[in-house]
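In the two assemblies presented below, chain A is common to both, partnered first by chain B and then by chain C.
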Partner chain A sequence: MANRAQIPTKNSALIAMIADEDTVVGFLLAGVGNVDLRRKTNYLIVDSKTTVKQIEDAFKEFTTREDIAIVLISQYVANMIRFLVDSYNKPVPAILEIPSKDHPYDPAHDSVLSRVKYLFSTESVASGRR
Partner chain B sequence: MGDIMKTSSFALTEAKYVAGDNIKHVVLENVREASLKVRSRQENVAGVKLPKFEYTNDGEVNKNDLTGLARGGQQVQQCRAAYIKAIEVLVELASLQTSFLTLDEAIKTTNRRVNALENVVKPRLENTISYIKGELDELEREDFFRLKKIQGYKKREIEKQMQSAKLFVEEQVAEKLALQRGISLNNAQNILSATAQKDEDIIF
Partner chain C sequence: MEERHLIPESGVAADQEPSQEAVEVVNRREVRLRPGAEEKLVLQFMDSLNSYLSFSHSLSSTLGQAWMELASARHSMGTARLNTSLLDLKFHPASTTLKIAECDDDSVDAKARFVLRKWISSEEVGEDEDSNSTKSPEPADDDDEVCYSQVRRERAKSLSVFGILIPPKLRAAQQSFERALETLVEMANMQSSFLYSFHQLHQEVEDTKE
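Let's look at the complex of A and B:
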């Protein structure tokens, strides 16, 4: 049976970030930031002035880049581009929703967990948490 | 996961408070090569290839080591440690998430296969089986019928032969009796008819 989703075995893949300033600064401090030769970064700082289009473009770019394995996205940002996040079904890169300082984590809105609930309503993690 | 993020956010706020707001800019300026990277491997679980992420610290010299040297250096280090721990947890979570999605797809395809086999392939094969069985039964009945017929013929043949053998035996018995009485029923007539021809040996 042809494995349609080829998962590449890479040795060095980056972690991308789309979050508010504080979160991104914290992660950059830890060392996940990367700027390559063409001044392309693997993070996007979202503040009150960022447009939805910018966020969409960044999301699409991060998910199509070959060297990014995980995309961390703040949950309130994910809510802004909810349809894009929900229609994304490639295994790599993995989209992970993280809470931010002002918006605590809400499992009801997490796209993966809601898909779990929709598909296997008898044995879902989200319903277990409640 | 929520707890770890909370701890790291607290650590960051502490660092900001102590070191002043400028660490943000310093950090943003100093981004070069990522020192925390992720390695992706494939694990084969029950025939399904699942991705697994491993977190590696490339250990290059971190430009951020000089951050907060003016004030609050310790807080900055603590903040960094907290965030690194958060990253570890997040990498593992991402790994689990992708495994789950891949397994989900595998389950769906397997289900589809099972349904197809059950509803299409099985009835066809069952039809073939019953057809073959029917044909075999019919052939067997044919054979059976033929066998019976042949047995009947054979019986009749045997009876006929028995009858002719009986007749023959009766004739033999009759001839024997005649010979004993001095008359050969058959040969007597031959001599008489032979004297119709001239035999030199007979003088008169």
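Let's look at the complex of A and C:
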């Protein structure tokens, strides 16, 4: 990748959420909820009736909106759309996988950490120089 | 040492006449390969990755506490008074937003820096969008009371979605989630930092293989 990564600077960017009800309610209490004039929100509440297609659509929408800086996604939800999350590689919005009440965070499944862990394998920087 | 074998941005093969862009890329790469720069990148990568993992551990703990407080609040208020069906879709801007700045360390690529702006009133959000100002959320000394009352007002507005009589556990849950937000923003900054270092080191490995 030789092109310079463009970082869009912004003063009032939003935090989007794709998570279970309690997590979304909690962060809404912290003031991150946004509803625009078209009644579009910056969150998707995932429950037993939420389909994988809905989660995929929400992820694609949040990662292409220019007013969103960070996307919080519960790791168990991210596992449902792992291929999509793994293929995302832009600097903004940043994707953060978070734990949920019933599913603790596992660094081994984190997309971003998986991308960089090969530096610690036999194909590391040091071994490449030998 | 000039590295004309580098693949230029235009994708032109190495044996063809290098374009102006390719020459500029070569020049920038020469600056990035100065002695000590790679070690600095590796240290930066390791430091930011370690910080990211520490913050994620702290986040798990903070969120655990927040969920517990939310469950206690739901127990005292009743399930019907604390659920997402109470959320309406009337227009309202977020009170807590982020400022994105670009950090440029004299290299080809840049990394993002996120700054949390908590409890900005809706009037200030409108002004920011109109003027694109870089107004700091931290007011002058004389305005401390105004700022504090604004924060209290915005917090109360956020809680009022779930009724007028708010139990202490719900307020505690709100503060826990605010702390979780601060940790998340730090995680985003660390992630941006180690991804930036990773990209630089990855380029280095690719160039070495060539």
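Definition applied: the second predicted complex is superposed on the first by the 115 of 130 C-alpha atoms of A that agree within 3 Å, B and C clash if a C-alpha of one lies under 4 Å from a C-alpha of the other, contacts with A are read in each partner's own complex, and residues count from 1 in each chain.
The criterion applied here is as follows: contacts are C-beta pairs under 8 Å (C-beta built on N, C-alpha and C of every residue); 3 or more make two chains touch, one makes a residue touch a chain.
Because the structure is predicted, anything quoted here is derived from the model rather than measured.
**Q** Which partner does A:Ile98 reach: the first (chain B), the second (chain C), both, or neither?
**A** In the superposed model, A:Ile98 contacts both chain B and chain C.
**Q** Considering only touches as defined above, state whether A:Val32 meets chain B (first), chain C (second), both or neither.
**A** Once the two structures are laid over each other on A, A:Val32 reaches both partners.
**Q** Quick check for you: in the superposed arrangement, does A:Ala13 touch first (chain B), second (chain C), both or neither?
**A** A:Ala13 sits against chain B and chain C alike.
**Q** So in the superposed three-chain picture, is A:Ile70 touching just chain B, just chain C, both, or none of them (first/second/both/neither)?
**A** A:Ile70: touches chain B and chain C.
**Q** If I apply the document's touch criterion, which positions on chain A are contacted by chain B in one structure and by chain C in the other?
**A** On chain A, the overlap between the chain B and chain C contacts is residues 1, 3, 5, 7-15, 21-23, 25-35, 41-42, 69-70, 72, 91-92, 94, 96, 98-99, 101, 104-105, 112, 116, 119.
**Q** State the interface residues of chain A toward chain B in the complex, per the touch definition above.
**A** Per the touch definition, chain A meets chain B at residues 1, 3, 5, 7-15, 21-23, 25-35, 41-42, 69-70, 72, 89, 91-92, 94-96, 98-99, 101, 104-105, 112, 116, 119.
**Q** Touching residues of chain C toward chain A in the complex: what are they?
**A** It comes out as residues 7-9, 25, 38, 42, 45, 49, 53, 56, 59-60, 63, 66-67, 70-71, 82-84, 87, 89-102, 108-112, 114, 117-120, 125, 128-129, 132-135, 154-155, 158-159, 161, 170, 173-174, 176-178, 180-181, 184-185, 187-188, 191-192, 194-195, 198-199, 201, 203-205, 208-209.
**Q** Enumerate the contact residues on chain A facing chain C in the complex.
**A** 1-5, 7-15, 21-37, 39, 41-42, 45, 69-70, 72, 91-92, 94, 96, 98-99, 101, 104-105, 107, 112-113, 115-116, 119, 125, 128-129
**Q** Mind pulling up the chain B residues that touch chain A in the complex?
**A** 1-2, 5-6, 8-9, 11-13, 23-24, 27-28, 31-42, 49, 51, 53, 56-58, 62, 64, 67, 76, 79-80, 83-84, 86-87, 90-91, 93-95, 97-98, 100-102, 104-105, 109
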